[in-house]
Every structure is written in C-alpha cells, then in structure tokens.
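Shared between the two complexes below is chain A, which pairs with chain B and chain C, respectively.
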Partner chain A sequence: MVVALVFSMTLPVMLAIGLYYKSSGLLMEQSLFNLIFSKDWRPLSGHFGLFPFIISSLWVTVLALIIAGPICLFSAIHLTQYAKSYVLKVMHPIIDILAGIPSVIFGVWGVVVIVPFVSQHIAPLFGKQTSGYTIMSGGIVLAVMIIPFILNILIEVFKSIPEELTEVTLSLGATRWMVVKHILMRKAFPGIVSAFGLGLSRAFGETIAVLMVVGNVTRIPHGALQPGYPLPALIANNYGEMLSIPMYDSALMLAAFVLLIIVIIFNFISRMVIHRMIKIM
Partner chain B sequence: MKKSKLRNAEELFFRSIMILSSSVIGFALILILWSIVKRGFPALSWEMITQTPKGGFYFGKEGGIANAIVGSLYLASGATLLAMVIGIPVSLYMNVNLHKRQKLVNTIRFLLDVMWGIPSIVYGAFGFTIMIYFGMHSSLLAGILTVTLFIIPIMIRSIDEVLISVPKGLMEASYSLGSTQSETSYKVFLKQCISGVTTAVLLSFGRAIGDAASVLFTTGYTDHMPTSLMQPTATLPLAIFFQMSSPIAEVKERAYASALILTFIILLISIIARIISIRYQKHKIKI
Partner chain C sequence: MSGNSKIIIKDVNLHFGKQHVLKNVTANIPEKQITVILGPSGCGKTTLLKTMNRLTDLYPNVKIKGSIHIGDDDVLNTKKDITEIRRHMGLLSQRPYPLPMNIFNNVAYGLRISGRKSKKYLKPRVQHYLQMANLWEEVKDRLTDPASSLSIGQQQRLCLARGLSVDPDIILADEPTSALDPLSSEVIENKFIELKSQYTIVMVTHSLQQARRIADYVIFMYLGEIVEQGPAEEFFNNPKQELTKKYIKGLFN
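Let's turn to the complex of A and B:
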C-alpha cells in the first residue's frame, strides 16, 4: 500500500525529470529563453522557436474560456440557487455524459458542425473568408469540452457557501439576484477565478479535438479567424518524423515539458484556492 | 415603487440568461450526439464491426475496424486492471491507515487533483521517452503502461470520493471486534463501497478507451488484430482520427461510423455505471 502510494505520488516528478532529460540535449545548445521567445521554427536547419505555438495556444484557450466562462457561471448559479430539484436531476447526467465524451468525438463534431458554421456564418459576419479551420473553431470546440469541467467545480464552490448567509439577505427583502450579486459572487469570487483557472489549464493541454479543427499553420495568429497551431497539436502532429531530424525529438519533448510546467503551475494555484475554500466554509 | 420595479426587471433579465445558459449546455450535448448519429448511422455496417482492414481500405475499399475495436478494449482493460491494482490500495490506505492524519491525506488529495490536470499528451510524450530509453518499439504494452499512469490519479480520486462517505463508526466497530487495519480496509470499507468503486473503475475505463493523445506515440497503429503485447496495436480514437484526415469521402464516412461506435461504447459504460450505482446498494450497512 505504501509503495503504491509513494509510486503514484512521485508520478509528476518522474514526468518532469523524464521530459527534462530528453529535452536537455537541445537546452545545452540554446538557451531556454531563446527557444521560448523565438519565432523561428525551421526544424531542418535546427531552429526551434516555440513562440508561435505558445501564442496560438493562448489564443485558443482564452477564447474558449471567454465563451465557456459566462455560460458556466450563470448555469451554476441557476442550478444551485434557482432550479428545482428535478432540473438538477436532468442536468447531472447531461454534465456527466458531456464530460465523458472522448476528445476525438468532439473533434469529429467540430469538423462536421463547427468548422462549416464558422466559415459560412461567423466569418462573413466580420467580412472575412476562411475555410473554417481557425482559432475560432478550436475555441468553440474547446469551450464545449471544458464546460462540464468548470461547471462541476463551480457547483461545488457555490454549494460550499453557507445557506444562512443567503437566507438572511432574502429575509431582509432582497431579490434572489441581489443576493447572488452582492453576497454569493463576493463570497465565491476566489473559487470562481480558480475554477476558470482550472478550465484554462484543461483547455491548454487538450490535443486531438483542437488539432482537428484549428488549421495547423506555423505562424503567429493575429485574429480569431486565422488558423493557429497550438503546442499540444505540434507535439501530436510531428511524432512521426521526429526521430529522423536531429534535435527534433528534443524540441518536441521540450514543448511537452513547457506544457507540463505551465499546466502544473495553473493547477497548483487554482486547486490550492479551491481546497481552502471548500474546507474552510 | 420604481426601484422595486427595476429590481424585478433585473431579476427577470438575469434569470432568463441563467435558464438560457443551462439550456445551451443541454442543447450542446444533444447537438453533438445527434450529429454523430446522423452522420455515422448511414455509414455503419456489419462489416465495419467484424472485419479488419483489407487491401485498399484506406481508398474506400472493403474492410472494417474490428482490429481497432479489439485493440482499444484490450488497451483499456489492461490499463484499468493495472490502475486498479495501484489505485484501490492507495485510496484505502488514505482513508483507513492514514485516517488520523487528515492534513497529510488532504495534501495527497491536493497533489492528485493537480496530477489529474496534467494533459494526456504529456503522459504520451513521457511514455515515449521511457520507451526509447529502454529501446522498446511502440506496442500494446507501452500503450497500456502509459494509459495506466494517465488514469491512476483519476481512479484514486474517484474511489477516494466514495470512501470518504463511509461513516467512521464503522471503522471503530470493526476495530473493536479485533480486526486489523487491512481487514477493515478490504472486508469492511471495500465491501461497503463496492458499487461506488465499480462506478469509479468504469469511469476510468471510459477515460482510458477514449483517449487518443497518450496512445498516439506509444501504441502505434496496424491493420492486424492484436495478438501479442509486444506488437503495435490499433485503437479506436486513432482509427477515427486517421480516417477523418483522409481526403476520400468513403473513408471519411467510415470515420463517422467509427465515431458512432466509440460514442456508443462510452454511453454504454456510463449507463452501466449509473445502473450499478443505483442497484447495488444492498451490501451497504446503514447506520
């Protein structure tokens, strides 16, 4: 039992060491700063600038959060404060099933529904023409993927706020929305922010679904209606050729390492806040 | 008077936004399922499920994806079994042996939650480095090991959530009858929570079968039925992914059909898990 526990606890450390060990070959030749902020991605001549991919990742993730955030927030308030119990009974399986759908299915759905939708309806709205394989499509698909995840945490957070607090305010003649606005939001604010933080890190690491709809063009995107090439997609797309070009595998493992570090930092801070909130209250 | 009217209007406005948000989520699920069924069902055939790819399969000729279905089932079962061997003892240990050291347990929970957030592609890349290090080729075994690592935090935390709910009086009663800690763990706690544990295991199985990014590097892809742990093996998510990127219409149709099969498996698992968690409550000792 103890062995199993220790084994599973050292897992992240093993991950970090393994990936660092693999990427150290490249890190010895070029500085980390240079690799992360260089725009120059030409594997054949040994230039591995990760900057375009990191920026693409940021675009997709932030867009996903902008779409999913408000929907989750309002829905969580609805489900915890307003809804009757039968609504919860219907919504719970919906959230669970949505959370269980594999990312490749989201990808297929994105290609079939979202990509044409973006190219035929959203892009003309801004007077642009695209194939639909854009940051926007990736953002929408990701948003749907992280909704159940954020929603579940938000529901937990709102449930942890003592009911007396809202009841007292209601008894003073406030409307439900006033309670939500003045009491609930203020009390739950750290929890809401960290739920969004967790959603962000979840979206950051999503691979296959995004890869299928985002276009995969190595260039720094300047708008949501341009194709992008996020970090996980880069890793997944190039595993086939990575052993044939020198240092290529090192660069991809470095990408994975960067991904791991970013996600762990985000997760660490957000989880810390949430664990505190749910325990204390 | 005017102020209260404004308040009520505000209330009504935000209330409709909330109901709208909740409906959007429900609508999204229905839309996803509907579009998969609509595209996949016409392309689905008996041949798809029972045959392996024949020559010219990737140009739209005959064959099926039986190899990928079987491969995925092997992979997910193997990984789930291994994760169970590690996950069940760990979660029992956290709840029984470490019962008096809540601070430590909470730290472990916290770390597991952080690990849950690590993207599967990172596990895939890690599995790949280990594979290269030991000079292995991509194989079913490498895939199973990688996916095991990936689902361990998920499994421990889901079982842990179930074990938390066991009343502490039960533990004290068990000790007072002279049983050891491990007897209490396996004969009382595990039995008490068997339905919840099964649900957690099934959920992990669903994760394992649906994930593509972690097997991309490690399991490889072939057109043959998997016969040995050391061979590369086709998996369902990758089959969908590869067929989807083909420019040929017939192959794309098959991708939709494969997506329908995978969705069906996932839904089946989630329904079974639900039934188990409702039905098998009878072993529970109620206090």
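Let's turn to the complex of A and C:
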C-alpha cells in the first residue's frame, strides 16, 4: 500500500523529470527562454519556437472558460436555489452522460455543426470570412466539454452552504437575489475559483476534439476568428511522424513539458486563491 | 393574561408532502413578553417558528392552511411583499451563522440593503447594536476582522446584534443557546429578559430549565399539536393536561 501511495505521489514529478530529460537535447543547443518566446517554427532549419502554440492554447482555453463559466455558474445557482428538487435529480444523469461522452465525438460534432455555424453565422457578424476552422470553434467545443465538470463541482459547492445562512439573510429583509448575490456568491467564491481552475486545467490539455476544429495553422492568432494550433494538437499531430528531422522529438517533448508546467501553474494559482479567500472569511 | 396579543395564530395546518407537521395550531402570543415554545425534538416547534416569518417558503412540497396575524397583516395570506414583513422579525438560529464578511459589515448589512448606506449613519448604529448585544467591548478594536474569527458565543451575540439592527419588533429564536457553553447561554438569556421591554420574543427550546428561567408564556407542543398553553406560572405550577404533568416531572421519553 505504501509503495502504491509513493508511486502515485511521485508520478507527476517523474513525468516532469522524464519529459525534461527527453527534451534536454534541444535545451543544450538553445535557451529555454528563446524556445518559449520565439515565434519561428521551422523544424527543417532547426527553429523550434513554441510561442504560437502556447498562445493558441491560451486563446482556446480562455475562450472556453469565458463561454462555460457564466453558463455553469448561473445553472448551478438556479438548480440549487430556485429550481424544484426534481430538476436537480434529472440534471445529475444528464451531466454524467455529458461528462462520459468520448472527446472524439465532440470533435465530430464540432466539425459537422460548429465549424459551419462559425463560418456562416458568427464570422459574418464581425464582417469576417473564414472556413470556420478557428479558435472560436475550438473554444465553443471545449466549452461544452468542460461544462459538466465545472457544473458538477459548482452544484456541490452551492449545496454545501448551509440553508440557515439563507434563512438568516432573508430575515434581515433581503430578497432571494440579494442572498445569492451578497452572501452565497461570496461564501462560494473559493469553490467557484477551484471549479474554474479545474476546468481550465482540463481544457488546456484537451487534445483531439480541439485539434479537429481549430485549423492547426502555425501562426500567432490575433483574434478568435483566426485558426490556431494549440500545444496538445501539435504533439498529437506530429509525434511519431517526422522524427527523422533532427531534434524534432526533443522539441515535442519540450512542448509536452511546457504543457505540464502550465497546467501545474494553473492548479497552483487556484489553490493559492482558495487558501487566501478561506482566511478572509 | 396581561397585555395584548402580538401574534395571533389560528387553525394552522402544515404538511410536508404527506407528513402532517402542524395540526390545528391556534395560539395567541403576548406582546413584549417572552413566549417559549416547548416540547421534545421533532414535535414541530421549529416549523411553527419558521411559519411565522414564512421561511417555510424555502422548503419543497409545503402546504399551509390557516392564518397568522401580526398587526393588520395575515402573514400566510398577505398580498404584501414578504421581505418587508420579515424585516419586522429578527431571527436567531440554533447555531450562529455569521455572514461571510467582517464584524462591522455583519451588523451593517441589514441597514445597507434597506438603503441606509452612509458610513456616517452606520458607524454609531453598529456600535449601538453591538452594545445592546453586550459585544461592543470585546470587538471594538477588531471590527474589520472576519466574523468567523470570533468564538461561538461571541458569534451568537453578533447574530443577535445583526437581528436587532433592522429594528424589528419581534425576535424569533430557535434554540439559540443549544450550541453555546453555559456562560454564553446565560448572557443570551439575560439579554432576552432585558430586551423584552422593547420586543416580543418567541423562543423555541427543548430545555425545561431554560423555559422555567425565562418564560412568561409557554406553549407546549407534542407531535405537531399544542397540548397546553398559558402564562408560565400557571403552566409550571398548575398544569391541566396529564401529558404536561408528565413532561414537567421529566417522565418523558
């Protein structure tokens, strides 16, 4: 049992060390700073700038959270505060089903529905023309994928707040909405941050569904209606294919390493926020 | 019975789904006295208390019939905004539930949401109510600390100050001392005795001793029905029902 525990505890560290070791070939030749912040990606001439991929990943992820965040928050508030109890009972299996759908199916759905929708309806709104394979499509598909995770946590967060807090606030002459806005949101804040943080980490690493709709063009995107090429897509598309190019596998390992580190940083930041909020309350 | 009735409860029946929780409850709660609703756990006394300011609205599948008159309003069937009516009743719950804010804002919140927002107005008010709840001396130097940093006894007094801040004329208390140590309980009890010259106090308790100490009027409930009610002296010294006699002698359960 102890061995199993130690194994699972050291797993992230071993993963990081392994990835770092594998990418060290490239790191010996070029500085890490340069690799991360250079936008020059030409493997054939030995240029492995990861910046376009990192930026694409951030774009897709943040967009997904901007779409999914409010939807989840308002759904959770409605389900726990306003809706009849059977609605929540119906919602639970729906959320579970949504969470269990394989991501490739979301990808197909994205290609068939979202990509044309973005191309025909959303882009014209902004006076743009696009094939639909854009950051926007990736963000929408990803938003739908992380909704069940964020929503699930938020429902638990709001359910864990004692009902008496609502009762005493109502007795002070507050309306239901004041209770939600002033008291429950505040009380739930650490939970909301952690739900969003977890959603963010999940979204950042999601690969296949995003890869199918995001366009995969190596260029720094300057808007949601341009194509992008997130880190996980880069790794999945190329690993095992063009490894005859010198240092290519090393560069992909570095990409994986960067991905891991960013996810860890997300986790760390949301943990810190939670910790500070709990102290204040 | 001396004085007027503040709350007139008539033929109240309450169902949770199929469960009949309050059965034909009729009672007159006297003004500016301490009324204690007494009875073993699960007899419906907390539900009766929450019916008075319609917190029962929060529960699913509740059906209420009957009337509860406070002043000119029938709380159960009024067309007025219920939040307005609730403001006339301060609530003290079983355990203290401070709002997730600092000590000052806990007391100021009720005033703020009714539109009184200026710091100049709030400061002396907050001090006044904290003094009323015997808490001012202990917290005057740490008003910006989170309310959760106080001890449980202090928190309960903070909740009392918060409840008084909106200037209610009724205080509803649901076993307000059950989570407190004896010393803090005594502070709350003495406070109630002090406050009854200005407020009508309705307190739920299952403690016979506590009822003896502070009650002016007693409502004794069992299994959703009122078994007996009357002025405290009469109730304790000369009970009429067999069930009451047994309960007072401690022969229950």
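Going forward, the second predicted complex is superposed on the first by the 266 of 281 C-alpha atoms of A that agree within 3 Å, B and C clash if a C-alpha of one lies under 4 Å from a C-alpha of the other, contacts with A are read in each partner's own complex, and residues count from 1 in each chain.
Here is the rule we go by: contacts are C-beta pairs under 8 Å (C-beta built on N, C-alpha and C of every residue); 3 or more make two chains touch, one makes a residue touch a chain.
Since we're looking at a predicted model, the values are computed, not measured.
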Partner chain in contact with A:L165 - chain B first, chain C second, else both or neither: second
Touched partner set for A:V217, first chain B, second chain C, both or neither: neither
First, second, both or neither for A:A236, with chain B first and chain C second: first
Chain B versus chain C as contact partner of A:T175, first or second or both or neither: both
Touched partner set for A:M247, first chain B, second chain C, both or neither: neither
Chain B or chain C, by number of chain A residues touched: B
Contacts of A:V62 with chain B and chain C, given as first, second, both or neither: neither
First, second, both or neither for A:L151, with chain B first and chain C second: first
Set intersection of chain A contacts, chain C complex versus chain B complex: 175, 178
Touching residues on chain A, where the partner in the complex is chain B: 1-2, 4-5, 7-9, 11-12, 14-15, 18-19, 21-22, 70-75, 77-79, 82-83, 87, 90-91, 93-98, 100-109, 111-113, 144, 147-148, 151, 175-178, 180, 198, 201-202, 204-208, 212, 232, 235-236, 239, 249, 252-253, 256, 259-260, 263-264, 266-268, 271-272, 275, 279
Contact footprint of chain A on chain B as seen in their complex: 7-8, 10-11, 14-15, 17-22, 24-26, 28-29, 31-32, 35-36, 39, 85-87, 89-90, 92-94, 97, 106, 108-115, 117-126, 128-130, 132, 149, 152-153, 156, 203, 206-207, 209-213, 216-217, 237, 240-241, 244-245, 255-256, 259, 262-263, 266-267, 269-270, 274
Interfacial residue positions of chain A with respect to chain C in the complex: 84-85, 162-175, 178, 182-183, 186-187, 280-281
Chain A-facing residues of chain C, complex: 50, 53, 55, 58, 60, 83-84, 86-87, 89-91, 93-95, 97, 99-101, 109-110, 113-114, 146, 148, 159, 162-163, 165-166, 172
